[in-house]
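The same chain A turns up in both complexes below, where it pairs with chain B and then with chain C.
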Partner chain A sequence: MSVELLNFIETVLNGLMSGVMYSLVALGFVLIFKASGVFNFAQGVFALFAALTLVGYQTGQVPFAHLINELFGTNYHNWYASMPNFLAILLTMVTMIALAWIIERLVLKHLVNQDPIILFMATIGLAFALEGVGDLMWGSDVKVLDVGIPSGGSIWLEEATIGLAAEGSDYYGMYVDVLNIWATVIAVILVVSLALFSQYTKTGRALRAVADDHQAALSVGISLRSIWILVWAISGFIAMVAGIMWGTESGVQFSLSLIALKALPVLILGGFTSIPGAIIGGLMIGVGEKLAEIYIGGYFETGALENWFAYVMALVFLLFRPQGLFGDKIIERV
Partner chain B sequence: MIYKETGQYKSSYKSDHAIFPLLQDKIAFSTLMFIAFLIIPFVINSYWEKAILVPFLIFSLAAIGLNILTGYCGQVSLGTGGFMAVGAFSTYKIMTYFPDMNIMIIILISGLITAAVGIIFGLPSLRIKGFYLAVATLASQFFLVWLFNKVPWFYNYSDTGQITVSERTMFGVPVTGAEAPSYATYLFCLVLVVVLSFAAKNLIRSKMGRSWMAIRDMDIAAEIIGVPPLKTKLSAFAISSFYIGVAGALYFAVFLGAIEVTESFDIMTISFPVLFMIIIGGLGSMLGSFLGAAFVVTLPIGLKFLMVDMVGLSAVTAKHFEITIWGLLMIVFLIVEPHGLARLWSIAKEKLRRWPFPY
Partner chain C sequence: MRIKQLLIGMTASVIAVSSYVEMAIADLKFPMLVYRTGAYAPNGIPNADGFVDYYKMINARDGGIGGEKILHPECETGYKTQVGVECYEKNKKDAMVFQPMSTGITYQLIPKATADGVTIYSTGYGRTSAANGKVFKWVFNAPVTYWDGASIAVRHILKQNFGNIKGKKIALVYHNSAYGKEPIRTLETLSKKHGFKLMLLPVDHPGQEQKATWLKIRKARPDNVLMWGWGVMNQVAIKSAASIKFPMDKFIGIWWSGSENDVLPAGQGAHGYKSLTFNAPGTNYQVHADIKKFVHDKGEASGDGSHFGTVLYNRGLFQAMVQVEAATVAQKIHGTSKITPAMYRDGFENINLSAKRLEELGFKDFAPPFKITCENHGGSGLAAVQQWDAKAKKWNMITEYMYGDSSVVQKLIAEDSSKYAAEQKIAERCG
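The block that comes next holds the complex of A and B.
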């Protein structure tokens, strides 16, 4: 094989991997949108908040330490030196469930039957509030997150591919981050278990019923509120997984919440209501972005197409297929 | 009994169509204008100019612009920062190519350029709506900021990527640049804001404004009764972008003087705050745009005073508090008073009308 072809394959592979990361965030969006019709802008901040909380538990930070210290002149920082990963993740999960409950209680309950766009703007407010609370609780410095997922280049793949190039050419094998491979594995497990859960459990069926028709679900005795709490908790869990992945890759910091914005074009490509759509949309955006960066980005000396390429791709896509690849057809009646 | 309208009859079409039909409103408005034009310029100092009055005026314009699009025409936009950047960079480029052109004309032309860009980015609105459109406008935000950041022609190949305003005068007094006196920059913005708000108010009461509202309330029904969606949506995008572009031009030329695009026109520093303004002020209300802008400009100053100077928190913690409070305020307003501060004002007027009687 020629070096160009191998480089192309490497780019696509890396694109697919980073696409999985986008899909992880998009998945949370889709779940909430299907079940409650809320377009949750705060999903990215959920991921940030979960990652912050996880680091906080791991390192035993005192919540609101900065605030307490500044108000009362005390000097609290840590409760304990460290906590096992498993326990910290479990506690974070509990926190996310509590958060889902609080959001349902304080925000969603009061906005039932409002325009979707009002709910959307409310989640923008939620994103801000949650970001502020997260910073107040755990501080805004960049944190290192390590839950034992290996990262760095995959040596195995590098050695396996080095021989593929033609004899005598300068080729050093493909570079793929192990972390991304792990993310892919985890995403697959997540999607499969979600599918099994919604297909074969009673709660899962209730969840799909609510997604189909609120009124009908209510009339057969499904509690909308508990389903909503459940859905927000599940997407909180997905946000946590995404937060762990992104946090391990680039540190836990504010820019994590901007990744959520990247998930929006993914949703448009895949359709707001389709879980497979979120995955495939994410992969498409990931590959498209990487290919554009390398093959089109060369024509602009400045590069950094990644900032907007996904949005423009989604925009062009919208013109031809407004409901996305797998989304439900939008039918409007007066 | 303070705000009573009894005895004020409308006997001609002209008085029926007045923007301020009531005597009390006329008095209040004239007083406000009197204070704004004849008292404030003589007492203004640099702090009031830079911290409160000029940003308030500029953001009012941006809020009016976004309100036309989101509040009146129902198209949610998150691309305000990008469009303000277009206004700023057009001003800069026109200034470099036409050194003798009057600053007022430069700013209005920048508005027109932004309007043209707005039409281009408004095209998707014909096929998509709601949050799909919100995502599409995010594309404009990121693309435009990238463009101004990465294409050196826009910042005249300067090493820092910054653009800096040169000094321009109106009637012999500098209004841009470091030498401009406080009263001049203030009056310059004020004149533009007053004129453009009157224009906006009248546009909204015209056929165009009514068709925007028809599209907002139900686009399919509006189309059926003969409101052309293409023309209506694109005109809303164009006029909204014009206002936002003028605001961006003022923001750069009069207020900041030197900007760096990724910092000054970021989604977090412009697009979301302007969206706050119209939600807190009132969607679909002129008064709301002003109230919202005043609220968003003054609240951080008040909070900073309260938390840093009174309680003694560090600036960073106070900033985090501020973000939290913004978010909570937005949610509270959407839940408790979706029509914003403007609605509170009309409730107050109603109360004043029958005061001191309960009914």
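The block that comes next holds the complex of A and C.
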């Protein structure tokens, strides 16, 4: 095989892997939108908050330590030296469920039957409030997140592909980050679990019923509020997974909340109501932007296509298929 | 009714008293443009803490500058240019100096501050050609500029290659902003001079995703990578470089890409990463002892005190020290402690931070000496290379402070500043 072809395959592979990372964020958006019609602008901040909380538990950080010390003149920083990863993840999950409950009690409950734009605005407020709370609780230093997921280039893949290039060519194997392979495996497990949950459990069926028709679901006795808490808790869990993956890659810091911006073009492509759409959309965006940066980036003086090309793809898609690949077609009857 | 009147009266009294107190202590106003929130907060906080702790120490230890207390109101910019300009407008009245802490904000403030008669001090950032004091009367960027930085990095690479880098490939990974683009011109000139091939790789804000950039580097296999990054961009770049097994000792960041924040997330992978610096890390300096005694031990530390001695905290100390020194010099020149913004600028232009003076100020061996003159607002142009030891989790200085290629840098500064002077119709000064 020629080195150019191998490089092309490598770019596509890396694009697919990046796409999975975007899909992890997009999945949270889709779940909430499907169940409650709310476009949760705070999903990126959820990922940040989950990652901050996880590191906080892992390292035994005292929440709101800065505030407590300032108010009472104390000097508390850590409860304990470290906590096992499993326990820290479990506690973070509990925290995210508690957060979902609080959001339902304080925000959603009071906005039932309001226009979608009101709910959207509420989630914008929620995003900023949660970011502020995260800052107060855990501080804004860059934090190292390590839950034992390996990272770095895959040596196995490098060695397996080095011989594929034509003899004598200057090629040293294909590169894929092991962290991204793990993200793919976790995303697959997540999607399969979600599919099984919604197909084969009573709660899952209730969730689908609410997603299909709120009024009909209410009329057969499904509690809308419990379903909302459940959905927000699940999307909190997905945010935690996304936060772990992104946080492992770059360290946990406040720019993590901006990963939500990467999910927007994914949602436009895949549709706001489709879980497979979030996955396929993510993969398309990932591959598209990597190919654009590497193969046509050089023709642009400003470069850096990687960040904005996804939006170009989304815009083009909007023109031809506004509901996305797998989204429900919006039909307004008069 | 009485209670209402009483409350109104009390509120009015509190406002009146607090205004009086503020006026009484607002002798020297050093407004701070900070970013303690947002994507760049992890870097903005330690830097701002360094400033605040130094000002508090001067107020506590010396009773201010020449007896005049320092007032340092903070304005949060979030590293956003627009907000930075608003902060300037809000705080410019009676302000001695502004430290914009962003090249984008600095570019916007240069014409405004020049018109308003307010000093701008962009320490090792901002518009490089502002080093030409003949054109930029109100702007200072000492002790070293980005163009010096670019040529010092190339000088270091030259030394490693026994003076010959012809045919070598050097990549520049840069923040796609006014800051990141600043060294391009110098590197292009140096590539012609030394015969190396320059590869430009911009990364958009915030830089969380750089996979394609590093795939390009893996394919092109440059001999060295330089980085002009900030915030999360640095952490992701260093981690990505380690992931593609790029030799870390061939990866050199500018001084804003060389803090503990940048290397710690990459763990052992960051071992050997280099960056330029113009100040030392650590706490073994007299200034730290004084801050501990007069500020931290009294429970007055800015933030939780956890950044004490880090690279960016120490840089904040250095920046604040230069600003305070300018006021001291101005007071001496004009024979009054109650200086005006115009007098303060005169002080800045006559700063002479010799080794002896640095020692007196508690900064012995902390940074190289430098002097500011009417012609030269860029200082010494000296920077050193530091290298990260991931096992010991500390930066080690591995070179002496060195100069850049002044034959290239000075020519570019003259060209760019003349162009600016022509555009703005500024007559050159300094006789």
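What we mean here is this: the second predicted complex is superposed on the first by the 331 of 334 C-alpha atoms of A that agree within 3 Å, B and C clash if a C-alpha of one lies under 4 Å from a C-alpha of the other, contacts with A are read in each partner's own complex, and residues count from 1 in each chain.
Here, contacts are C-beta pairs under 8 Å (C-beta built on N, C-alpha and C of every residue); 3 or more make two chains touch, one makes a residue touch a chain.
Only a predicted model underlies this, so the values are computations on that prediction, with no experimental measurement involved.
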item	value
Room on chain A for both chain B and chain C (clash or fit)	clash
Which superposed partner A:293 touches (first chain B, second chain C, both, neither)	second
Touching partner for A:263 - first (chain B), second (chain C), both, neither	neither
Partner chain(s) touched by A:14 [first = chain B, second = chain C, both, neither]	second
Partner chain(s) touched by A:140 [first = chain B, second = chain C, both, neither]	both
Partner chain(s) touched by A:308 [first = chain B, second = chain C, both, neither]	both
Partner chain in contact with A:71 - chain B first, chain C second, else both or neither	first
Which of chain B and chain C A:319 touches, first, second, both or neither	first
Which of chain B and chain C A:251 touches, first, second, both or neither	second
Contacts of A:191 with chain B and chain C, given as first, second, both or neither	neither
Location of chain C clashes with chain B - one stretch out of 76-84, 292-300, 310-318 or 328-336	76-84
Residues of chain A that lie at the interface with chain B and also at the interface with chain C	66, 135, 140, 302-305, 307-308
Residue ranges of chain B in contact with chain A within the complex	74, 76, 124, 127-128, 130-132, 134-136, 138-139, 142-143, 145-146, 150-151, 218, 220-221, 224, 267, 272, 275, 279, 311-314, 316-317, 320-331, 334-335, 338
Touching residues on chain C, where the partner in the complex is chain A	36-42, 45, 176, 200-206, 208-213, 215-216, 218-219, 231-232, 235-236, 239, 242-245, 261, 264-265, 267, 269, 299, 303-304, 306
Chain B-facing residues of chain A, complex	39, 66-67, 70-71, 106-107, 110-111, 114, 116-118, 120-122, 124-133, 135-136, 140, 261, 264-265, 267-268, 300, 302-305, 307-308, 311-312, 314-315, 318-319, 322, 332-334
Partner chain C, residues of chain A touching it in the complex	7, 10-11, 14, 18, 65-66, 69, 73, 77, 135, 139-142, 144, 146, 151-153, 175, 177, 246, 249-251, 253-256, 258-259, 262, 289-290, 293-294, 297, 302-308
